[in-house]
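Chains: A, B, C and D, in written order; residue numbering restarts at 1 for each.
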Amino acid sequence: MNKKTNHKTWKDQLHGIIYEADTPIGKIFDVVLLILIVLSIVFVMLESVKGLHDSLYTFLYYGEWVITVFFTFEYIARIITIKKPSKYVFSFYGIIDLLSTLPLYLSFFITGTSALLAVRALRLLRVFRILKISRYIGESNRLAKAIRDSGAKILVFLFAVIVLCIIMGTVMYLVEGEQSGFRSIPLSVYWCIVTMTTVGYGDIAPVTPLGQLIAAMIMVVGYGIIAVPTGIVSAEYASGQKPKKINLNTQVCSNCHTSDHKDGAKFCHKCGEDLHNE
Amino acid sequence: MNKKTNHKTWKDQLHGIIYEADTPIGKIFDVVLLILIVLSIVFVMLESVKGLHDSLYTFLYYGEWVITVFFTFEYIARIITIKKPSKYVFSFYGIIDLLSTLPLYLSFFITGTSALLAVRALRLLRVFRILKISRYIGESNRLAKAIRDSGAKILVFLFAVIVLCIIMGTVMYLVEGEQSGFRSIPLSVYWCIVTMTTVGYGDIAPVTPLGQLIAAMIMVVGYGIIAVPTGIVSAEYASGQKPKKINLNTQVCSNCHTSDHKDGAKFCHKCGEDLHNE
Amino acid sequence: MNKKTNHKTWKDQLHGIIYEADTPIGKIFDVVLLILIVLSIVFVMLESVKGLHDSLYTFLYYGEWVITVFFTFEYIARIITIKKPSKYVFSFYGIIDLLSTLPLYLSFFITGTSALLAVRALRLLRVFRILKISRYIGESNRLAKAIRDSGAKILVFLFAVIVLCIIMGTVMYLVEGEQSGFRSIPLSVYWCIVTMTTVGYGDIAPVTPLGQLIAAMIMVVGYGIIAVPTGIVSAEYASGQKPKKINLNTQVCSNCHTSDHKDGAKFCHKCGEDLHNE
Amino acid sequence: MNKKTNHKTWKDQLHGIIYEADTPIGKIFDVVLLILIVLSIVFVMLESVKGLHDSLYTFLYYGEWVITVFFTFEYIARIITIKKPSKYVFSFYGIIDLLSTLPLYLSFFITGTSALLAVRALRLLRVFRILKISRYIGESNRLAKAIRDSGAKILVFLFAVIVLCIIMGTVMYLVEGEQSGFRSIPLSVYWCIVTMTTVGYGDIAPVTPLGQLIAAMIMVVGYGIIAVPTGIVSAEYASGQKPKKINLNTQVCSNCHTSDHKDGAKFCHKCGEDLHNE
């Protein structure tokens, strides 16, 4: 029994370092992890740039491999230190972590997949967990709430905008024709979206007077309706109450992956597992 | 009399399937209709794309005809199953339905009219009727109210913007002249609208230092006044009360096309016609 | 004395027709005036378009002259039917009316001045006077109040934006240099304004990686601060009370050009002049 | 002792002129200073313009030197008239003032540094001190508060937008490839930021149908989320109380550089130094 307890302690310690950020070592681990994530994103980006010195490519190549191997060990450690691995594997971060590691291995078999490593950018969202500054978490909760509350309304709005774009795109296709760059209806609808959202690349632009008149009308309408989603979010956000006090404890149960424990809790409130904080 | 009642039942059953979405068959009919609308819009769009395989054009051509014939039968069914067809024919959806069917027949006589089938996109608005999710309908009602309330103000605002664009467009025409692309006053006014709405294609752009100075001033002003309609809608939306409980019943009277019946109503509250729900 | 009264009546009647819009003839006069203003703006715009048929230019030329002669008579009539002409001549509309008539006469001496006729667009603002729909006037009053209240704040904000644009423009000039189109500091500042306001013509765009990184930062900052003026106007507008009931009377005193009379007033509340309404 | 008092008076008088704006001479000094700042910025900008007459460059060169010498004397005067120079030297304006003077001297040793004089634009912010119009200062305080309060939330938001841009930029790099101008992942991320912020230069634009579809989705999403920071600032600004009465006194203690004295105060409230106002 002694040995088993010992073994359990080793796993539990690793669990605390990897999953939690309350102890100094846990915090250092998370900061190192974040730096490696940022580095690996920079590596993936730089590798796609042409015209750099060959030795840099070699450095990037090996750097990427070192980081990926580290991520692989981290992923395995996350699985073995938790009692119910499926809880982690199928969680949001579990899937992101797998997708961040796999592409480089796949690149042996399929060319170009290494660019998929950009999905690692999603791992950056862990930064909010480490910062643990209540206002950041509180605000993003409140923001998320306002966006969720506005969601249905903004979807209704965007749906109406897209119906409008299909109709006006077709009108512009008929008015301008192919010699102005409006080569097909889907392309005209694309142009209409580019215009309504005020992006305005200018790769396609109306040339005939009638087309320019209609385009001007589309812009003025777009200018008028850009106000609508803004107004919705403003009103929704203003009416939203301050979210309740947020629990900043980062302990995670090594048995069931439950994470919202109270400060000073000694046992998991869900499965009764020892949380191993002394 | 027996036969007449029988005949009435047949029409009434069809009326229930086509106009209402409360029964399983009525719902299936509406979903199939929506899929066909989306398909027909995709067909019209794809047909305008050049460079596809010939067999695809043949498929699109026949597909469009099959859908149009279905829409034609649906339109006729909608007319014969209602007692006062004029109520439907001159309603918003009645006109849209006709305009969605006619262009393909017209394309025998006039070339190019088949592109007008894009008006079918408006039929997509039926989707809100099928979804019948109260928050969607409620929100779009509240949104519509906020936009209607803001309408007069935003019109005053857009009118002032257009007067400003006419004057600044003329000034830019005088300052920049034809060699910079400001070839006429209407074109300069068009450029001014493109700039004020922050679309900025770049097909016409000031070249002289004075022109660029004036353009910079127009942009800063446009940047400042883009706030106005947004502010109006925000304030209007925030002050709007939640709309009253919405009636989600989709029954439509087969005699007078009235649609806002109470759940469980057995007779039309307007003309007394039997609503045929058991 | 009889004759003098008669003479006064003639002037007073004309005054009523020209300045007021409460009588049928006064309303017809204002509508005809508005149509002529719109027509003359269209004429001036069309005249600048190249490649039209010669006979159209001839028509435009004579049409413009006919309208200008009418405007000249109207301007003279406005002066002689008022007892203190200086009250009208130096009012906002008095100056606009003069500037709308003069350029065509000046075009005999100086070429190109006829384009200045676009200032006539400002005369279109009279439309609000004719519409006399209380909500339009009320709304534009409330809007004007919100904009006036926000003015000082938005000026502070725009001043800070311009200081930022000068500094970032200089940085981009140093980073990108002349071969990328950033040919001088003023041009770089112009580019920075084009970018910050999200217009983005694309006639000048960063080419070097460092320049693009800085440009991306400018855009994200611009994206973040576009929220500021919008927020100001929203808050200001929302907090503004509904303006008091608006006086829709359009009577104007023929002696002192005072215009805010009560309905049914028989004498000017400022100078005691007879308002001649029976 | 008499002489020492005299000497002190001379320094104190200069201190009053340079640092304060309550006396007529102090106000004139500040206005002259502002004009010189504006002039020197115009000089630096014009000097970068090619194709001007040679004599103008000579004029600009000497003009810049005259102003810089004046600024040098002003900087020295600011240091010697204050008892604790370090209080000024390391204040915000102290650093700006040094950075505004140094580059021209450095241009003897390093070419191109004279363009750094654009940092002088920051000195323009002194204008708010001279205007001393309470509403300007009050408003900028309230604005600053709203922006500071929104800061954390907007940072969370911008962070999420950048993560989204990295991922979508990589997707576009894979979809569009190099022949469409998406030459590397960093460039694609740059394009994604240009698009999301609705700037849309058009120097890089998707060409393939799939790329255009994804681009359209990015735009619609960008259009929807542009509402978020606006909503935050609006709500924050609307909920902000009016700032307390602002102290418009411009006296600055010649000993400890403290500036928020009450009107009519005779001694510094922090160090007890005589403020020398009679």
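The rule is simple: contacts are C-beta pairs under 8 Å (C-beta built on N, C-alpha and C of every residue); 3 or more make two chains touch, one makes a residue touch a chain.
Nothing here was measured: the structure is a model prediction, and the numbers come from that model.
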When contacts are scored as defined above, which chain pair ends up with more C-beta pairs, A-C or B-C?
B-C
Can you give the rotation angle that fits chain C onto its twin chain D by Cα atoms, in degrees and rounded to the nearest 5?
90
Match interface A-D to one of A-B, B-D or A-C, accepting only the pair for which over half of the contact pairs are the same residue numbers.
A-B
Most distant chain from chain A, judged by the mean position of its C-alpha atoms:
C
Cα centroid separation, chain B vs chain C, in Å, comes to 34
Taking each chain's mean CA coordinate, chain A and chain C are separated, in whole Å, by 48
Using the touch rule from the top of the page, what residues of chain C touch 2 or more other chains?
186, 189, 198-202, 226, 230-232, 234-235, 238
Give the list of chain D residues in touch with chain C in this complex.
41, 44-46, 48-50, 112, 115-116, 118-119, 121-122, 124-125, 127-128, 135-136, 139-140, 142-143, 146-147, 150, 154, 158, 161-162, 186-187, 189-190, 193-194, 196-203, 226, 229-238
Within the complex, which stretch of chain B touches chain D?
198-202, 230-231, 234
Show which residues of chain A lie in contact with chain B when the two form their complex.
152-153, 155-157, 159-160, 163, 166-167, 169-171, 173-174, 178, 183-186, 189, 195, 198-202, 205, 209, 212-213, 215-216, 219-220, 222-224, 226-228, 230-232, 234-235, 238-239
